[in-house]
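Both complexes below contain chain A, partnered by chain B and then by chain C.
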Partner chain A sequence: MVGSTVSVGQHRPARFPRLLVSQEAVILIVAIVLALVFALTLPGFATVGNLLTLARSVSVLGILGLAMALVVIGRGLDLSLIAAMAAGSAAVIQALNAGLPVPVALLIGLAVVLAIGFVNGWVIAFVEVPALFTTLATAFLIFGLTRFVLKTVIVYPPPTATAFLYLGQGRPLGIPMPIIMFAAVAVLVHLFLSRTRAGRFIYARGDNTEAARLTGVDVRRDIIVSYMLAAAIGFLAGIVSSASTASMNMQIINSTLIFDVVLVVVLGGVSLVGGRGSVLSVLVGTLLIGVLLNGLTIMNVNGQVQDIIRGLVLLGAIILDNRLHPRDEETARQGD
Partner chain B sequence: MNEMIIAAGAAQPAAAAAKGTGKVPVLSVTRASKIYGGVHAIEDVDFDVHAGEVHALVGENGAGKSTLCKAIAGAIQLTSGEIALDGAPAHFERPADALAAGINMVYQETSLVPTMTVAQNLELGNEPLITRFRSLNIQAQQLLQSLNFHVEPTAMVATLGTAKRQMVEIARAVRHKARLIIFDEPTASLTPEEILHFFHLVEDLRARGVAIIYISHALEESLKISDRITVLRDGKLVITAPTKDMTREELVRHMVGRDISRTHYAKHATAAPAASAPPVLREKVLEVENVTMGTAVKNMSFSLYAGEVVGVAGLIGSGRTEIAKVIAGALKRNLINGGMIYLRGKPVRYRVPRQAIDDGIVYITEDRKLDGFFETMAIDDNMYVGKLATKAGRTFLLSGAVRKSLAADLIARLRIAALDSRAKIVELSGGNQQKVVVGKALAQDPSIVIFDEPTRGVDVGAIPEIHGAIRRLADEGKAVMVISSYLPEVLSISDRILVARQGRIVAELDAATADERQIMYAAIH
Partner chain C sequence: MSVAASPPPRSSVRDAVNDLRYRFSIKLFLSELLSKNWMEPIVPFLLMVALIGYFSATVPNYTSLDNTQQLLRLFAEIGLVSVAMGFVLISGGIDLSVGAIFAVTNLAALILFKSWEWPVWAVALGTLAVGAFIGLINGVLVGYLKARPFLTTLVTLIILRAGFDMVSEKYAPRFAVSDIESDVWDFLGGGTILGIPTNALALLVVLIIGHVYLSRSRYGWHIMAVGSSRKAARHAGIRVERVLLGTYVLSGLLCALAGLFYAARQNSAGSDTGQGWEMQALTAVVLGGISLAGGRGTVWRAAMGAVIVFLLINGFVRLGLEGYLTMAALGAILLVAVGFDVKWAKNRGKAIQKIYVNPTRLELKQAPSIARGSASPYAENDRLSQAEVIGLGQVEGPEDVILDRQDRLYTGTREGWILRFSGPNFEHREVFARMGGRPLGLAFDKDENLVCCNGGMGVYGVTPQGEIFKITDETNRTWGKLNDDSRLRLADDLDIAPDGKIYFSEATIRYEMHSWDMDGIEGRGNGRMICYDPATRTTRTIIKNQRFPNGVCVAHDGQSVLYVSTWLCRILRYWIAGPKKGQLETVVEQLPGYPDNLNRASDGGYWLALAGIRSPAYDLAMRKPDFRLRMVKEIPRDEWLYPGLNNGCVVKLDADCQPVETYWDPTGKLHPTITSMREHKGYLYIGGLENNRIGRIKLPGADPDWTGWESYWGNKQNSRVRPTSGSGISAVS
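Showing the complex of A and B:
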């Protein structure tokens, strides 16, 4: 997506100047400026140790952001993402506690989240309930079901499941696993969105669902597949998170984490109207939030103030989105 | 009337135009300019309109008609230039300011609240503290009756058709004691019958002394209804002249800055070679037999032949779009609805457009902005998505080379005026956007192509090119069906004409011998 805007430069300018400032660029610059300010003013910010901590702390958020971006670009929304991630991880942990080997446990967890994604996608595609309501309802449903099945709020994997714990705590080549996972998912999702037919169809569907349907895109199947994919990627985030902390707290479903996920997605320019944004958007959004929260933590700013700042950043991002993709598209629609 | 003609570029104040009549115009605009992103949407335009006058504003898409009118209605601010109301300088910060001054703009997309009743919509913005529904409805009834509108005040706006919604909008403008009403493409979605009624209404408003600005693509309409015509081209004023001194040819010449022959409306100038082939030799590609679909389509039967253009005329609501969508799988045909559709003798029943596309049937929408193209995508991506959605074009990985060659081929075939196939489709004019939508369909290599209103909202220069493309498809041996409300178009591009009325095909005419009166007679009676 980014490459395409660059390649245009070699041709003669079009009748109307393109947007010179993309939202990704704005957010990236803000993040870099913020990082420089922190590096100059905060002792201990610009150290290798802290930067690794920063990267690791936002990895889970970033992976969840990539999952969310897949559905948001297709004009959807998945508020049950955290619930699916918690349920999938809990299933893996319980399977491990029951003595099953790690690969089998992971497959069970994957089956659980794929089923959740399928239900979401099916209700949205075939019953045509708006994604917001569908996924809100399934999030509650999953939370209730896991509480009913587990009888506890927090589940712990057996300390003997070292292969599982390695997925969150391992450091191949000195790099923490969460960072490796985040990078791998980012590359794969980027290739999927920009290089495959299915990825192109997600943009087409997000841009104009009815036009996509009339063009012959199998819209309903694609919706189901995209929610299943999102749930599967969310499941990876859950594995990384539960393996690195050696636990999964079901209360995470009721936390504000889902709003952080929406924040990093929208911040970087994955517009909620669909069809816009890319993996780069999620990366810069995650970077900005990571730098911001890390800096605030070093400054010892308390949680309430951090929440206020996060709220302001989200509001600012939505206003920016609105400025860059204005509703009154007077200039864009001169041709009418 | 005023005999003066103001030539382009003459730095003459608009007030001078009023000299002939000695009256002060209701509204005049002097040296108006509006710049978007460094480009002039309008430049140094002088314009005025008098009480009891209909002033038509014509020009190709992007000529600046809407920009000028939005500035008059306070929706946008001019970069430079003055607006005067009754000769006194006026400044409209917001649409509400213009409204208070008696300027109403009736938009193509209506601005009514669908979930409210007609009476509530008429009252909108002027509600007393406590509304008494009875008196509200009685007042609305009186207003609608005085305008001779047959609209029920208690009807929910959502249940009304386009024509009736427009009536409500006009009634609202009258209720606001409008002195100037701007109509932006008022007849675009009206049937010929409704257009006639609309014209009576405009006459009536004119008789009441209301000044009217009339923006339209339909030149015949503008010539018929207006007192003066102003032509804009590329944001500049070309000419303002009394309508009686104008002809269609002159208007077109002024609009495009070059002469366009009448061929695209002359009968069979292009259709002749194909029409001479006896139809019996052609392969029957598609047969529709007694198809029924709810109340929209009742017992329709007709056939499409390879190498032939079939025009479908009929009023809105005649079932013509619905049958096209049924054929193309865009509307699901339930088993309880009767009838059969045969594709080369084999019965077919599509649930989704994808199945029809796999069988080589494409439907090109009547509203490209609503469900035609992908606005965030480049020209070539739009067309490539079309190819990717077919069986033949199915690949896991995208190919830049395929995308490029496909775009280059279609841009050449359809004569799309684009400097760069990577440019965003929204940067194109309406006509070129339409060509891209056609290109997206042709990328699917269809054998049956259904066009629904192929030249709606298309600039005059692009119409003959689209007609040429339609004819070439038939010459290549494809079966082509063209739905159009514009009778000269139906007559000029078709080999055979079907007329739909109330869900039935009521007449089948040979385009070589048919005329507009015959079609209208079948469509209305």
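Showing the complex of A and C:
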């Protein structure tokens, strides 16, 4: 079977022969081939500087992908992830500007995104509105409210908040902070998904929500928790992003970033039907998209053409995912 | 013409008041109101009226001709896009690319007209073609490649937007300097017909055609079917993929139409053209009451929702709200509307169920004694325990049994079949007709067609060759009643008068065959007596508000129709000829059990099946409607207090319907729930609703040549019968 290397009940590392045919392996090979092609044809691609830039630029995308994977594995989707991230970062920056110490500011931001995650999860779990509609609507809601509160599109942290800026611009041991954060989050999420009961329940819920419920899993609570968790991880991405650029632009909510996140997740084999995929999937998906975007930028392709290319790739990924993991299309609910 | 049944006896004024209180129930009205389809958009409709009212009251000159024209002109395009979204939503999909299609087609129309200088008709066709083509791509992706509509159309939205930005950058400056003029183009953009702006008129035409298309045409029905249940639609032979493709193409076309009008009106393409319209349209249609679950909705609801959203946004703009706050408000409205939709779709049935059962008060007098060995004619005995067995295990629930002139035995079964047993000992079983539904009461007409009351279908006939034909499946509708009660739900038993008119009972109009027992819990006069006249081929309700009318039998003299009311435990007579024609009287007021079928006996009397025996506890429960309501709501079904339908008996009645003797199986092992019996050549054949056999006992002293058919149509008509209006002499067996 193509697809998952991690599934409920058989938690063992994927063996080598199996890895060869999995979707992750295919994407990894495509990414490597693409990178080789770029290295050979594009001047300036295969330099250490560019590769570090690449790694740093995909870090944010990768962390967001990990957050998204948490809800997608549980058969959900969070289109408000970017909005929550922007709102949380903006809250931190405003708190810093108000003169609060960095830890307090971070806690305030965390509280904001956890509240957003809770609202999403509650509406999805208890009102039973499909995740797509819920998060699409809350994304607009968050954007409007944040803009209303901020009165401006871009917020800047005070240059004195060095501890905050270090989270994005620091280089302990010469490694850029975003890469460290990405790696740390990846390891933690991996351990959570594969080694804890709560993580395995996410797979159970994604595989068959009804069966999980009947087995005694508190599905509604878990849905709320998973959206809060996703929002919190997304918040980390926001911190890294706003600290490294020393700004947060609210227009990011209206950008196509959220589709890049979905793309990263789906491409790597975290199927939208739920219950499939792992952290590895997100890593290879991020790698491929990172290489692709980096290459396109070096080739100086304009933003609109990039949008079209990414859109086409995402379309292909969705169709491929649907082929590999067909959902019961006849009984599927609207918004699935 | 209808006759009200004589009311049940009342002991006091309080009872009378109680009777009234339970007869006219507000909940009954509410439950029927809730189950009407037009109740669903009532909230958005009121909202729309309130908004229009509010703005006309607060904004000066809001309803002036100029302002109305202006508003209509602004509204028409988003209205069209909303209708497009509505169609896709009804088919069970979603099209988030509507705003982008609108923008792209708007640009296409401008390029074709201003840059390529096509004539207006060609521009129109070209624009529509572009829209249809984009819709086609969506349709192929969703319909044939089975991609998820939500994400797929979201991605096409991005791609189209990016393409739109690229192309419009290149062409936008040229539109401003273009000097192409055309009267037709200007008319499309700014003209009016009879004071209505052209684009609003186009919307109106689209709405009317769309309504007819969706609710009156085969393609529209296919869209509804696919939206309701893709699986069922596929099994019904609908090409689901093609229908889905069609709706996305339709959506693209409607968006292109909107884009065309917008191009003619604005003559320019801004980068924000159609931005966020998918959100507006989605909010509009969900608010208007088109369910996300698909399969439910009308174009009017889409338009209504669009009006609400349009007026709101218009109001926000007047208040000077920023665009992002408007979007936030839309997001909040969408969330609330979808939440309501989801909860409504999930709980509508439950809500109706909760208030649908409406027990009423039903007063029964003391039941006659059935004590074994007593002098009561109903005294219990074991006379059925010796019954011969026919078709044991070969028949599922023979509700009614009947024999033809060739001594073959017919019965209707749970499978919806009419079975025929033949041979000297009825050992040969065959399926005579596969009718469907639940065949109940049976009778032979003059031409030896088997006429059958079918629960769920109506009254059907079967020729001696086994061909099934419909006799009637509807009666006249009761005016002033919310629920259309013209369709027959549970036709129960029938008999045929000498003039060929078919008199049949419909046990209840509020429940189906599978939930007929709920009617007993309710005890309301939900049933009716109906007459089908073959001469005029019309069906008319003759007696309304009967409490589970069941067995029907035309009296031996053909002057009256006898029928029983199961929950009232009563036999009634309705005169169809003679001096009392049209009158209704109670013949037997108190039976010891719940009567079912009633048939003629060879001696001029009648046979009556008692499906169950009354108990004082349940009789008391029937006087306590609130108790029964609490029971239905609060405890599981298998713990309900039910009428005792486990054992019963066959009662022999004389010509005046007074009981003479009974045949019992008090164990209920051989013949539980006896629902029918039929005398034929000196034997009595016994059927039961839940039984696995047909029983037969010999009737000592009965006319060995008498058959039902001869009694109705042959040489035994009115045999040994005196006029029923007299009294005294009773026929002897």
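Throughout what follows, the second predicted complex is superposed on the first by the 304 of 336 C-alpha atoms of A that agree within 3 Å, B and C clash if a C-alpha of one lies under 4 Å from a C-alpha of the other, contacts with A are read in each partner's own complex, and residues count from 1 in each chain.
Going forward, a residue touches a chain if its C-beta (ideal position, glycine included) is under 8 Å from a C-beta of that chain, and two chains touch if they have at least 3 such contacts.
Everything numeric in this text was worked out from a predicted model, so none of it was measured.
S.K.: Counting only touches as set out at the top, which of chain B and chain C does A:Leu314 meet: first, second, both, neither?
M.R.: In the superposition, A:Leu314 touches chain C alone.
S.K.: First (chain B), second (chain C), both or neither: which does A:Asp218 touch?
M.R.: A:Asp218: touches chain B, not chain C.
S.K.: Which holds for A:Thr138: it touches chain B only (first), chain C only (second), both, or neither?
M.R.: A:Thr138 sits against chain C, while chain B stays out of touch.
S.K.: Using the superposition on chain A described above, determine whether A:Phe201 touches chain B (first), chain C (second), both, or neither.
M.R.: Once the two structures are laid over each other on A, A:Phe201 reaches chain B alone.
S.K.: Return the residues of chain A at which the contacts from chain B and from chain C coincide.
M.R.: Residues common to the chain A contacts of chain C and of chain B are 329-331, 333-336, listed in rising order.
S.K.: Which residues of chain C touch chain A in the complex?
M.R.: 89, 92-94, 141, 145-148, 150-152, 154-156, 158-159, 161-163, 165-166, 230-231, 234, 279, 292-294, 322, 324-332, 334-335, 338-339, 342-343, 346
S.K.: Where on chain B does chain A make contact in their complex?
M.R.: These residues of chain B touch chain A: 36-39, 41, 61-62, 66-67, 70, 76, 328, 330, 352-354, 357-358, 363, 365, 369-378, 381, 384-386, 388-390, 394-398, 419-420, 422-424, 426-430, 432-433, 440, 444, 457.
S.K.: Per the contact definition, I'd like the list of chain A residues that touch chain B in the complex.
M.R.: Of all residues in chain A, those touching chain B are 4, 7-8, 11-12, 14-18, 194-201, 203-204, 207-208, 210-218, 275-276, 329-336.
S.K.: Which chain A residues qualify as touching chain C in the complex?
M.R.: Touch residues, chain A against chain C: 123, 127-130, 132-134, 136-141, 143-145, 147-148, 256, 259, 262, 272, 302-305, 307-308, 310-312, 314-315, 318-319, 322, 326-327, 329-331, 333-336.
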